[in-house]
Amino acid sequence: MNITTFIIVSVIKTALVLFVLLTAVAYTVWLERKVVGHMQNRWGPTRVGPFGLLQPAADGVKFLFKEDLTPPHVFKPLYIAAPMIAVIFAVTSIAVIPFGNWLNVGNFHTPFQITDVNIGLLVVLGITSLGVYGVALSGWSSNSKYSLLGGLRASAQMVSYEIALGLSLVGVLILAGTFSLRGIVEAQAGHFWGFIPNWFIFRGGQIVAFFIYLTAAYAETNRIPFDLPEAETELVAGYHTEYSAMKFAMFFMAEYANMITVACLASLLFLGGWGGPLFGPSWLQQLLPLVWFVLRVFVFLFIYIWVRGTLPRFRYDQLMAFGWKFLLPLAIANLMVTAIVVVLK
Amino acid sequence: MLHLILFSVFGLVCVAGAVNLLLQRHPINSALSLVVVMGSLAVEFLLLGAEFVAAIQVIVYAGAVMVLFVFVIMLLNAGVEEQTSGSRVAWLLGIPAVLAGMVIVCWALLERSDAGRAAIGALPGHPADIAQLLFHQFLLPFEVTSILVLIAIMGAVVLAARPESVERTKKEG
Amino acid sequence: MAHLTPTPALEPGQDKTMILNMGPQHPSTHGVLRLLLEIDGETVVRMMPDIGFLHTGIEKTCEAKFYHQVVPLTDRIDYLCPMTNNLCYALAVEKLLGLEIPPKAQWLRVMLNELTRINSHLVWLGTHAMDIGAMTVFLYCFREREDVLRLFEAVSGQRMMTSYFRIGGVALEPPLDFFDRVRKFADAFPSKVDEYEGLLTGNPIWVMRTKGVATISAEDALALGASGPTLRGSGVDFDLRRDMPYSGYENFKFKVPVRQDGDVFARYMCRVAELRESIGIVKQALDGMPSGPVKANAPKVVLPDREKMKTEMEALIYHFKIVTEGFAVPEGEVYQAVESPRGEMGYYVVSDGSAKPYRVHMRSACLANMQTLPKMCEGRLLADVVAAIGSIDIVLGEIDR
Amino acid sequence: MALAPAVTDIEQLKGHPAVARVAGWNPRAVEGVKFDRDEMTIYVERSAIRQASALLRDDPTCPFNYLSDITCVDWHPSEPRFEVIYHLLSIPNKERVRLKVKLSGETPALDSITSVWPGANYFEREIFDLFGIRFNGHPYLRRILMPENWEGHPLRKDYPVEGYR
């Protein structure tokens, strides 16, 4: 592949993935409103389009045309940059996430992935760890007490839970023996005992790791029961109290894009990625992995929404205690057990 | 070719960030400049083939250490620093010293330029290689460093602990 | 008890702390309450509630109205339990007049009063849970509240500002199928309470957020004038319905839930238990509903039936007189207290012998309960403030009047 | 409408625990009593209110351990113009008593009872706000319902309802 085709293919892939991701973000919001609505004896959006399907578009238009207020006394450069930082880092990590196997059209082969790097997982972790800047800076630059408290809570929470999140993944890495997300998925192919799929969630006690990952991921994405940075009943809206219109929408997008990233990672690392039964003609066989992958992501997102409809919110000190005193030791224990098992084998 | 261009661009970004770090008057701007430096350094590592180091650079420095810096700045609500002309000794000694240092570094680099020069992207940066170095070749220094860091952490905890909590610990035994 | 006297105004600019101005527009101050918080990190060092944003001068307005015209004003004090306020005012004026109320009116009042309590507690539970982050409970509660409001609408024509209890009885006979509808609701309701409890009572996060949080001892609660579930949550076994019965409450059997811990969880458990007790009282009222008139036989005070007005001369004259010039109430003063969902709701009515009350004062349970708030919150985290506000169940309309 | 006439003879009402307690402490503190519509009222001398309420609170046989309410009535234009009214409740004995203090209209002031009942705080502030009565010894006597810069005291009978002209 020469450099021109490389650039063209990359641009096309990036644009496509970005489009799909942003659409998915919009429809995750719709899904959330719909699912939570049905859980709570109401309908969710119904007015705009069939089943309210055009609601995300209406929301987008609304955000675009809303008055964009910049309160006085904010630290303007960072106040404007913060939502962009948040959304950029939220979206960037999708670059290394594989969605499926290879696409083969005649002579042309390309993976369903923007780029495959052999430290894919580390890249995702690195980029998401930068996402905290958006939150922290928005909290600080807004020059509002609620925002500041929200920003502080968010950065402390994200830094703390990142450790547990990272450690929960190490077990999987030991079993897979690679940082490449594609490699990790390939390590989960096949079945053991004839029928149980060879997913990491079923292997070597990694169900514990999955639980830790799930919990830490909720905290990383600031979702209930860990949504303290924006706990609206305490901090009005936390770090984005002072934001309106498109800047607010960017934070919103960042949150949902992060949710999707986290869901993708969970599917790749624990649920066998895009593995699933393949049948039919060859074009179908190429596209089916995408379907299986999206299905897993959907299930994961559904659990997110379900939890939101069920649980109350932690208190700040309880959240910290839970992260440091329970999740982190559990993650370390899981890591050691996994390592010992692998070595003994 | 592409790699070389990228390498040079990010090298410049890195230097510009470092200079900006010194010039900025507001601590938060300085901190963010440092983040830029870290980020572009990571890219340099990546381009050199040290992917693992690059990722760790971002995760540890940009993602954790600098976040704590920003955190502290936010908490203290540090304002703009006042501009001072600086002491004359610094001007007289500092500039020649910096120049001399740069000359020495350049000379050293040029002198050794042939030996051990690695092609871009050819450094042994794979996690397995790093592990080999850390846990076989340099195991002792690695462990000694970790003990040193542990002692430093303990010292920091003792220094940062509030007097009353130290008292309580003493009482409890 | 000097430790309970409030600290003077907060002075900003102290070194380590920050003044956070919570409210008057804030999602969890349940209306327009402003809390001045001095916080150190997220720990509340001092708290000063600031009220009065909803002050509408109802007490002053009452002095310009005839006695019967005051009834609609009482609805608007506490918009979550209009019937309790109606009842309290009606009882006070009836006591001034020395009026006997027929049993059916009394039982109807008790039944509707308990439905009001359920209505109010449902709003409390929903918003309290929402404050702590459990969003679904809110909508579940409002689902049942809707049923109660429909019952109110059926009986009084209004969902919230009912004005159904009048001086000398109730406004109208309830509609024909009303009691069946109430029974249907009463039969279905306990399982709904199970549903709320299923989402909250056993939930570890809920327990973590409420147990041992915002505690107040029985002595402090008494000294600060707390009443209702706020007092019973601290272990003081006192309920006006049982201990100083009014409006025929002595005829009903019910338990008064008391918890000893004095924390948010205790108050929560008290109120949830009260939901079950209230529905029990409603059922008893349904079972033993006496027959007879719903208004006292006092033509000078009670408006005549529409039917009589059209056929009897005297009724028409009385109607005209009551509506145009009210009715004189003998000189004197009366303090009547009832157990509102929030505590002791008291009406102090002074008559100078004319047709307008000389002074009407409402003893607001929330105003006194809110004095416990700084005691509960100081030294605790910001998130606990929200839990504490929810747990004392304030209605700002009642506080500010 | 059979209303029993009010009893105002102190000798007849000596049986009431609150009357006995206050009169037993200082007969001059009791300016009068009234028993009307099953409610007991004791008129307390202005300077004795704090002591009287403390006495009633600590009564060993019938402790009036709960302060229900404090309010005020303006009898403008007659003199003494104001009546400050305390409603006490004995939770163990399920008994209520009403204390009344009469104040002149000149510079109405009396002792605060916040040192006896911290819960009196808001009630006294409300009376200060709406009637303009000062409570000596109150820790934080500021307007509570009306804005800080409000002119006049709205619940006074001579307050111009339609605004100052």
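In this document, chain identifiers A, B, C and D correspond to the written order of the chains, with residue numbering beginning at 1 in each.
Operating definition for what follows: a residue touches a chain if its C-beta (ideal position, glycine included) is under 8 Å from a C-beta of that chain, and two chains touch if they have at least 3 such contacts.
The structure presented is a predicted model; accordingly, all values stated were derived computationally and were not measured.
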item: Distance from chain C to chain A - Cα centre to Cα centre, in angstrom; value: 46
item: Distance from the mean Cα position of chain D to that of chain C, given in whole angstrom; value: 24
item: Distance between the centres, which are taken as Cα means, of chain C and chain B, whole angstrom; value: 63
item: Distance from chain B to chain A - Cα centre to Cα centre, in angstrom; value: 29
item: Arrangement of touching chains [line / ring / star / complete / other]; value: line
item: Full enumeration of touching chain pairs; value: A-B, A-C, C-D
item: Touching residues (chain side chain B, partner chain A) in the complex; value: 2, 28, 32, 35, 39, 42, 51-52, 54-56, 58-59, 62-64, 67-68, 70-71, 73-75, 126-127
item: Chain A contact footprint on chain C (complex, rising order); value: 18, 20-21, 26-28, 42, 129-136, 139-140, 143, 199-200, 203, 205-206, 208-209, 381-386
item: Touching residues on chain D, where the partner in the complex is chain C; value: 1-3, 6, 36-37, 39, 41, 65-69, 71, 73-74, 85, 87, 91, 94, 96, 98, 114-115, 117-123, 126, 130, 139-140, 142-147, 154-155, 159, 161
item: In the complex, chain C residues that touch chain D; value: 1-2, 4-9, 51-52, 55, 57, 59-60, 64, 95-99, 222-227, 236, 238, 243-244, 298, 330, 332-335, 337, 344, 346, 348, 350, 358-359, 361, 363, 367-368, 370-371, 400-401
item: Contacting residues of chain A [partner chain C, same complex]; value: 36, 39-42, 145-146, 149, 153, 224-225, 227-228, 231-236, 308-318
